[in-house]
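Chain IDs A, B, C and D follow the sequence of writing; residue 1 opens each chain.
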Amino acid sequence: MFLSYSFRLAMQSIWREKWINLLSVLTIAAGLLIITLALFSIYNINLATKKLPEKFSIMLYLKDGLSDQDIGNITAALMKDNAVEKVKYIPKDEAIKELRGVIKDADYILEGLNENPLPASIELKLKQKYFDPSTVKRLASDIKRIKGVDEVEFGEQFLTSIHSIKTGVQTLGILLIAILSAGIIFVCYSTVKILFYRKKEEIETLKLLGATRGFIRAPFVIEGGLLGGAGGFFGMVGALAFYYGLFNRLTLTMPLFKGVVFPFEMFIFLPLVGLFLGITGAIIALGRIRF
Amino acid sequence: MFLSYSFRLAMQSIWREKWINLLSVLTIAAGLLIITLALFSIYNINLATKKLPEKFSIMLYLKDGLSDQDIGNITAALMKDNAVEKVKYIPKDEAIKELRGVIKDADYILEGLNENPLPASIELKLKQKYFDPSTVKRLASDIKRIKGVDEVEFGEQFLTSIHSIKTGVQTLGILLIAILSAGIIFVCYSTVKILFYRKKEEIETLKLLGATRGFIRAPFVIEGGLLGGAGGFFGMVGALAFYYGLFNRLTLTMPLFKGVVFPFEMFIFLPLVGLFLGITGAIIALGRIRF
Amino acid sequence: MIHFYNVSKFYENQTAIRNITFSVEKGEMAFITGKSGAGKSTLLKLIYVAEKPDEGKISIAGWETDKLKESSIPFLRRNIGIVFQDFRLLDNKNVFDNVALTLRIRGVDENEVKTRVFDALKMVTLRHKTGSFPKTLSGGEQQMVVIARAIVGEPTILLADEPTGNLDPDTAAGIIRVFKEINAKGITILIATHNRELFRNTGRRVIRLDTGNFVGEEAG
Amino acid sequence: MIHFYNVSKFYENQTAIRNITFSVEKGEMAFITGKSGAGKSTLLKLIYVAEKPDEGKISIAGWETDKLKESSIPFLRRNIGIVFQDFRLLDNKNVFDNVALTLRIRGVDENEVKTRVFDALKMVTLRHKTGSFPKTLSGGEQQMVVIARAIVGEPTILLADEPTGNLDPDTAAGIIRVFKEINAKGITILIATHNRELFRNTGRRVIRLDTGNFVGEEAG
């Protein structure tokens, strides 16, 4: 097989033009690093918004004088709904306790009241995937019709703003990744295309000496793969440096960054992604070879 | 002068290798576009965090039975501090009104109270530039020592988290811009360097025919400038397309994006930035020419 | 071995070959001569399928070039050793690797590559320049590297385009001796040249071209 | 015009020129000959300062090359027209622009460029190929473009390295006639060649080199 020769050729070519190739590798590395950081940011922002539904709840204020049976019925009716994750009954006693917590310093105002003026209530938590304004509104109007329910309350503004943050981050994220991916593929392509332009004469000569398409292509594909792989490797080194050198330190001084998750698989795959992009770029750049 | 000839040469060279040059231009454009979007994001996040101090206040709870004179003295003492932007006196009456607002449904609890149990208070707003945890803490302990002040309260957690958001965004922002700037300068440099490698033979021949350094350099510098300028122009087109095509529409459906500001000067300068980077890259890439 | 039937080749504003019919038989050593621009190089290019004829048919070593699949072209070319007029040496490879290319393309074993390349370089008296790069060689030395590259593959047909343009008369005579040795082994040789000294008194066939036209044959 | 005093030039593993002293006077037309690798091209390179001597002194048209500031080298070269052995044509420029380069480098007015380039192309009988690119020219046509580029600048010294290697004898004789015409105008000409026909019976001085050594002078 000529592959070992092709490999040697590719290595020679890389070494002979080491500076220009270092440039290419660094460009690819920078591109992959930026894409990694972008993915990382999006991943984490998404993770953070995912936690938000836990903080959102629908409150049902119940009519006075319901029996335990009635309350059980209401709870059962609520649990039937797909969107409902958790139901929590809050009796009148607990409601007043909570109010005491809210007015703190002035809780002596509440002393001397004979009757508890607050209604019992039920707190509803929603499932992650049903967390959107339309489901919540539908649910609220359904609930209102349940016997024994006096009033339904939910943070409508909170709900819509959370929802727009989520869709906003997703849209922008996908957009950013699309732009950056196009950018990195483009860099790989143009790196190999330039390589190809540089070797145009050489390819002509090889053809005239009787080289087959495979023989001509092999060193380019290997070279593209090596450059891409090396770019990916350096991108990984950069990303790890970013993580350990900078991010870990930020976390120490800024609690905001705690709870941020690093998808390590992404790093390990960077050289493979680089390799793949390099080879793809090389094949696209070579195009069809005509004799 | 040979400049018109150099210009013609540069145009010819660009045209002759139009595809490879289109690649270069698009790479530069993509780089500048990403930098613009990054700057734009950072600018707006910064703008948003700047508005946060308005929502932060320090509360001074006053002792009972202070005269108007005493209150005037306290206010004057507070205003002397550089960090203080605004001072607002909240008398006991108003405090109880606010409390009524808070407990809403249950405000009848407060009825029948003979005496207003709440203290009078002063709300302090800080100046933008003094908005950091250490100043606030210093201020709080100073204020506590003023005669007539009973207690000082401020959202310590809110304060620190806002502060870490701000420094976090700034640090990450500067970092991102640094990486991207290095990236774009790198792309310009390597574009011209590749151009230079491609023309190595030609340069050798020109030297042997008696061309001066200026004559050899001129077409490269012009070509670099044109490529960079064109890259900047397309970057600007991209940024404008991004703004009008996508961002404006996002604003319509997502209120979150309202209030986002577009620094238009940045766009107008993009072609100039590209021109500058292209010329700089060309000059660096050419290096010293030896005969 | 080489057969042209009414072959013509036109460039935009130029007739390079006009209606030429001729044959070179197996084991023959023939010359093509004619003024600058007469069509000598074009004729050779038609043989190694770097150009396609606009009219007529060409058959090379039994392959009909018009029926040739594109993917077979490399295998036709492996039968042909070519001394290019413009050398076509790879500047980024040294003499050894330039010559070895012919063999490596065919997937020849590295040990065999070594012996055969050194043998070929010995034939053109260039063994002392094995490690040099083309740009550091004199014009004549470069031309000898090209000749070595053409003969190292032991082709069945050898085409040489002005193979002695940069060689002094003694060296040129030496090269022609090498060609004759190879020819004696049964290899068909076709040489395009201006240099009358090369074919004078060889008794070999000389084909004369003038602005694309066949204008006669003679014995050198 | 050209003076060499005890000049030597060594490459890593090669002596290209050894202790050579000679002069070519203003208006003279001389030849350098010698085997392949004898040092002819190196000698010419020393004249146009593409190489620096390792020993000895060289003076060209009154400039001492060892005292020459680097920024003056272009101005020395503008006195010299060179026919390169490896042509050095720019593939991305057509014939006109290749020849015009010599003048454009000097900042000559475009109208004058046009007349002078056409005149030079007429001298080498290539006016019909003005718009062609080097790769579409025959070997001989390319060589004539190089000659046109060398003479169009009306140099005081003309160096030609194997200027007829790709030309047929008739065309070669024509080129030598052109050189003689130019020489008659007082231009100093130095031609490196293997081709004895070029200097045979010219009566001009022939300098003979052998592996870097000066081995004699004769009249052609």
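The criterion applied here is as follows: contacts are C-beta pairs under 8 Å (C-beta built on N, C-alpha and C of every residue); 3 or more make two chains touch, one makes a residue touch a chain.
Here the structure is a predicted model, which means the values were calculated and not measured.
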### Touching subunit A and also subunit C, the following chains
none
### Distance-maximising chain from subunit C - centres being C-alpha averages
B
### Task
Would you kindly tell me how far, in whole Å, the mean C-alpha position of subunit B lies from that of subunit A?
23
### Query
How big is the gap, in whole Å, between where the Cα atoms of subunit A centre and where those of subunit D centre?
68
#### Entry: Cα-centroid distance, subunit C relative to subunit D, in whole angstrom
29
### Query
Quick one: do these chains touch in a line, a ring, a star, all-to-all (complete), or other?
ring
### Message
Let me make sure I understand the interfaces: which chain pairs count as touching?
### Response
A-B, A-C, B-D, C-D
### Summary
Seen from subunit A, its contact residues with subunit C in the complex are 1-2, 5, 13, 16, 201-202, 204-213, 215, 290-291
### Task
Write out the stretch or stretches of subunit C touching subunit A in their complex.
48-50, 70-71, 73-78, 80, 82, 84, 88, 90, 92, 101-102, 104-107, 149, 153
### Message
Please output the residues of subunit B touching subunit A within their complex, sorted ascending.
### Response
17, 20, 23-24, 26-27, 30-31, 33-34, 37, 99, 102-103, 105-106, 108-110, 113, 117-118, 160-161, 164-165, 167-168, 171, 175-176, 179-180, 182-183, 186-187, 189-190, 193-194, 197-198, 246, 250, 253-257
### Task
Mind listing the subunit C positions that touch subunit D in their complex?
11, 33-37, 40-41, 85-86, 136, 138-141, 144, 161-162, 165-172, 194, 196
